[in-house]
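A, B, C and D are the chain letters, set down in written order, and residue numbers restart from 1 in every chain.
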Amino acid sequence: MRRNECIAMLLAGGEGRRLGVLTKDLAKPAVHFGGKYRIIDFTLSNCIHSGIETVGVLTQYQPLVLNQYLGIGSPWGLDRREGGMHVLPPYVRSKGGTWYKGTANAIYQNIGFIERYDPEHVLIISGDHIYKMNYDLLLEAHKEKRADATIAVITVPWADASRFGILSVDEDSRVVEFAEKPKKPNSNLASMGVYMFSWPVLREALIRDEADKSSSNDFGKDIIPTLLKEQARLFSYRFNGYWKDVGTIESLWQANMDLLDDEPALHLDDRSWRIFSVNPNRPAQYVAPHAKISSSIVNEGCLVDGEVNRSVLFQGVMAAEGSIIEDSVIMPGAAIGRGARVIRAIVGEGAVVGDGCVVGSIDSEEIAVVGSGETISLKAEMQEVEQV
Amino acid sequence: MRRNECIAMLLAGGEGRRLGVLTKDLAKPAVHFGGKYRIIDFTLSNCIHSGIETVGVLTQYQPLVLNQYLGIGSPWGLDRREGGMHVLPPYVRSKGGTWYKGTANAIYQNIGFIERYDPEHVLIISGDHIYKMNYDLLLEAHKEKRADATIAVITVPWADASRFGILSVDEDSRVVEFAEKPKKPNSNLASMGVYMFSWPVLREALIRDEADKSSSNDFGKDIIPTLLKEQARLFSYRFNGYWKDVGTIESLWQANMDLLDDEPALHLDDRSWRIFSVNPNRPAQYVAPHAKISSSIVNEGCLVDGEVNRSVLFQGVMAAEGSIIEDSVIMPGAAIGRGARVIRAIVGEGAVVGDGCVVGSIDSEEIAVVGSGETISLKAEMQEVEQV
Amino acid sequence: MKLPMLGVINLIHEADEMGQLTANRCLATVPFGGRYRLIDFTLSSMVNSGIPKVAVFAHTKFRSLMDHVGTGTYWDLHRRGNGLFVLPPSMEDQTDFGKGDLYHFYRHRDYFTRSSPQEYVVISRSHMVCNVDFAKVLDDHLERGADITVVCKKSDEPSPGLARKVLVNGAGRITEMQDHYGRLNSDIISMEMYVLSKELLLDLVETSLARGQDHFVRHAVGSMLGHLKVNAYLHEGTLGVVNNIAAYYRHSMQLLQPDIWRDLFFNPGPIYTKIKDEPPTRYNSSADVTHSLIANGCDIEGAVHNSILFRGVKVRKGAIVRNSIIMQNGVVGENGSLENCILDKEVEIRPLQHLRGAENLPFLAIKRKVI
Amino acid sequence: MKLPMLGVINLIHEADEMGQLTANRCLATVPFGGRYRLIDFTLSSMVNSGIPKVAVFAHTKFRSLMDHVGTGTYWDLHRRGNGLFVLPPSMEDQTDFGKGDLYHFYRHRDYFTRSSPQEYVVISRSHMVCNVDFAKVLDDHLERGADITVVCKKSDEPSPGLARKVLVNGAGRITEMQDHYGRLNSDIISMEMYVLSKELLLDLVETSLARGQDHFVRHAVGSMLGHLKVNAYLHEGTLGVVNNIAAYYRHSMQLLQPDIWRDLFFNPGPIYTKIKDEPPTRYNSSADVTHSLIANGCDIEGAVHNSILFRGVKVRKGAIVRNSIIMQNGVVGENGSLENCILDKEVEIRPLQHLRGAENLPFLAIKRKVI
């Protein structure tokens, strides 16, 4: 086997509890986004565009849909004879087995997998983030600095800094301080959860971390602080594009809305950096004679007979006559009935909003959510009212 | 989705402890067999030849090699748009998760998967057995008897009967008694671990079995006896071909030897019932001027410069000048040195038997085993002798 | 599930009056319906009906065909032992090219004799836009004990496409068949899908060739109407006969009727095509789209009415598109306008350019033209 | 990892004196080495060298080619945006067929202009049996600042195959090139692999055609030796020039030398081919096999010496095979014998039949013959 300069390990075990009914049967990386995609499409597409053709995908929570979705990686060009994509769930060994305890433990348990490819560098990424990034440039920077580890960082508003892992760096971009969710941040450079490691350094760090019973086996909380303490060559690499962690209903909704500007920060229609996905194979969308659609993204197989404004419609959505959809995200196969109104809402996969029903409100702070497969009908609404 | 008449659930979690060093990093269904195959190839090929195009493969122990081997099922023609092959490892649910407790629990945990296909019948099979069987004939018999469950059976020598699940049947092939490994068997009809169930019956049985805290959640020990007690319509279906459970070193060796007769009981060269496998893509085997090969099976990429008799050589085996291989199984990529002798042995994948070494003996009752990747050299042998 | 029937899509001497649309491609790969090629409809019908093996008998300009169908993965035909065969014309010498389809059937006879288990064959063309369940056709064929069953369509409103007319008697048997320039007065046309046993097909091929006849429908079927029981099977669903520009335009526009959209694309099964990784379509704040079919990857800043946009079409600010068909990656520049136009792939309309064809003679722009 | 180079395997007017072996297939798909086709060697070399896109310019009898290479899955070329393109000859009219390869390069120029990032091209043939690292060739090309680099082989023992001879000066530059019937006295032959920049290639294609010249090597390269820096790169590994029967037989038999077997099949990378699901080969209790190359799926009850058996060959009891090549699914009946024979695919030798060719003129049996 030819030696791999760099392989990627993609953490896709996220449970996404805060996405509630949208992740009931779904790992977070499998959550739908942007009218056509699932969140993990972005990191997988980044890998193949960056020339990384060996990717281990570490799954744990609700992997059924995710496994089926990933297959052997063909949609992302990752079905290669050597390398390619490999799904790595936790498994029982001769001495019994455990679920992955933390992000670092997940990689630790797969040291054997990594060693099969004998890489010089290992890229650690997460399947929860939406961004387009050339990891090859990160690798170039990492090699140039002869770094032990290079952490991709992005500037965040000072007000938000305490929600992230925050780095302080010197003029040479070397990391001098790292604080996980600091109350009083000394910097507004946030870690994107994208780490390039020299494999021997990471390998040793993982083994020591595993031996430390007090460790929570997490990259941000344990591995990086320990390396920093030991004065390892940790560098930062600044990323200037669009990057979003879609961990909550609010941020998932907002990330979808971000796509709708006339000049969006995240371009999906970039032919040199296509986001690959499993294509649903539906007919072209049908727009009826009295439909109105503006500032929206609409996918194959939709049938729109109402008004759609500032919204994202996934494949196969039916918006019946007289319906109004505004500032909303409608997941695959959902149906919006005649005269129904959906405003500031996320309607889950296969959900039905019955004729005349109203979901969400323009005045509400919170985003209304209709769970996957749920049906909302006037009758049910009235029954609820009666019960009150 | 078109309704499936029958889908298969393939139990591939077997740990195969009794195969020792051959299954150190390998689930039992992934063990090599017959010069080219892995054991699970037989059941997967049976499925596609029988017209069953939806197969759930339940993995648990050491699934890494197995998962990679299975991919999305292309080698067996099971990479289908609807249905096809799905690997189903145990996974964490909202309430936490557990490994599969028993064969019945493994199916119970995947009721959701089965219901996606809404089948009339579910075939339960195991990835540990070597046989060629048309499951469609089993289904025909099952439907004809309007059975709740039909168990494939094979006649075994009376002496061996106490090692199997033994059925007694009436003239109509209806099961009247079932005894798991009885000390005094009343019949020599053994269950092959191949069950055809009507799905509603199985579904209900699984749910009740799961609720029963005293159950070991096993098909042979719990599900079948309970159904029998309840007078469900259980029938037997007699299979007359070659069938072998290769659970031990001895039986794995014997099953390989069974292939070497001039008229073997199990034909691998049957064009209407090809055993599909992941093909290694090696050049044609090279037989040197002074080589001798008889009563043997030799795969692609081998280089034979010695004597091979009554043996099975997997892909890429190197048998150097003057070596002698008799009554042995040599796994992929193993090398047998100059003048070395391998007799009544199994040499594991990638193992090296050094120049002049001797493995096994014609007089030994037991089959000698060289573990995967092990190296045996004269020097080591001598050192061992010195230490004694 | 699997039908005991082989599929053949016969492109040899397929009637083609599509002008510039088939200048560099065969009729089978003319883009249709926003994201499909004509052949997708017959191919998907065959797959959805459970036909396990399909051969495409290619003839001319078939590079686009090879590119489009590949090994059949998108139609789920990438089976062990192959589900899809693209068979180029054998060309022993250069005159072979002009020979009739029976000659080529004969050269491809291996396909029939080697795929042993299937007893029946359906021979079809690529230009019938429809969604047919061949399992039903075979049932009808067997039930009524026909020698040959021809899928036909009865319609009051004749398609502008070139089609063969048939006369059917009370028993459903075809008594007369005439090419499109014939004078036969009938409201039933042949959909050019012929179901028969493999054995009869091979017999007809060899017997006809031995008699110096080399045309499948005219000779092997048409001249045998007295000897063989040739039945009509009437297809209920929608049909477009798409082999000239008028028919192309008319049947494309019919897709803007939701009933036809649903019937054609979903009933009885979905239509498959080659996958491209286009993003969903973007409607800008200034977009104004009504009564249109829009494929993925479009970016719409202007107005689109009563039109069909293929994948990746850009309609810039102030541009107006009416009653038009714009194929893949077309661009309509700012404040340009189109009415009654068909733009082939990758045509660019410059800003402020105004083009207008007639409803019965749309303006046609050839591939990659900048106008 | 990826080389900035496109691959072309040019089958147009490939020199072919293989007689019956190419009656129904092109030279590229002649079976070789027990389980391969000739094209596998060049195709695998390209893939192992990191060439991301390969086009095969097909010409005649290419159905077997399409069947063999498919979409390139077995060579790991089934990439997004395609890694393998089989381009049939464009045939605007029937005279196109006889035109030189430059004419077809021109018709296929989209392949070069559309695959944007790769700056270099290697143009090769399909009949050179070798295992070449094109990354090294490109390094040499760039280091020495060549316009064109030709992969060549220096050999004392000339191959019986038809090859172009070249004269190389002390600086490694080619000063003279002659077709195989030329009188040039040189021990260096061209392996017909030409590395040059895409830009130069397109320039040469258009300039040559504009001058009424249509032959790539003779005109675009050979007649430019004075104007362009055309270097030789000497290939170290084994080479078989396989385009006539004598060369086919000789180079096949050379595979029985373990050094050549290892060098050709493993060094620098493995040779890939289409997968068949053959079981391993069975040696019966009465088998007697020495000095032979045996593919999978064979069943050997008789004697095989100094021979090559392709996949699925049966040698029955008492049969003796010597100095022979038996292609896929051949059968040698009981007590039959073969010496110095080449049997094409699926030939059956009846029991007790004895066939014997000469060492310098092996007996050749055509496909599917029963003898």
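Just so we're on the same page, contacts are C-beta pairs under 8 Å (C-beta built on N, C-alpha and C of every residue); 3 or more make two chains touch, one makes a residue touch a chain.
Please read all numbers here as calculations on a predicted model, not as lab measurements.
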Chain whose Cα centroid lies at the greatest distance from that of subunit A: D
Comparison of A-D and A-C (more C-beta pairs in contact): A-C
Centre distance in Å when subunit C and subunit D are each reduced to the mean of their C-alpha atoms: 38
Euclidean distance of C-alpha centroids - subunit A vs subunit D, Å: 47
Of all residues in subunit C, the ones touching two or more other chains: 80, 277
Residues of subunit A touching at least two other chains: 79, 276
Sites on subunit A touched by subunit C in the complex: 34-36, 262, 268-269, 274-277, 279, 281-300, 303, 308, 312-314
Residues on subunit B engaged by subunit A in the complex (per definition of touch): 15, 24, 59-64, 67-68, 71-72, 74, 79, 86-89, 91-94, 97, 99, 112-113
List of subunit B residues in touch with subunit C within their complex: 2, 5, 48, 51, 53, 76-77, 79-82, 276
Complex contact set, residues of subunit C against subunit D: 60-63, 66-67, 70-71, 73, 80, 82, 85-88, 90-91, 94, 97, 277
Of subunit D, residues touching subunit A in the complex: 1-2, 76, 78-80
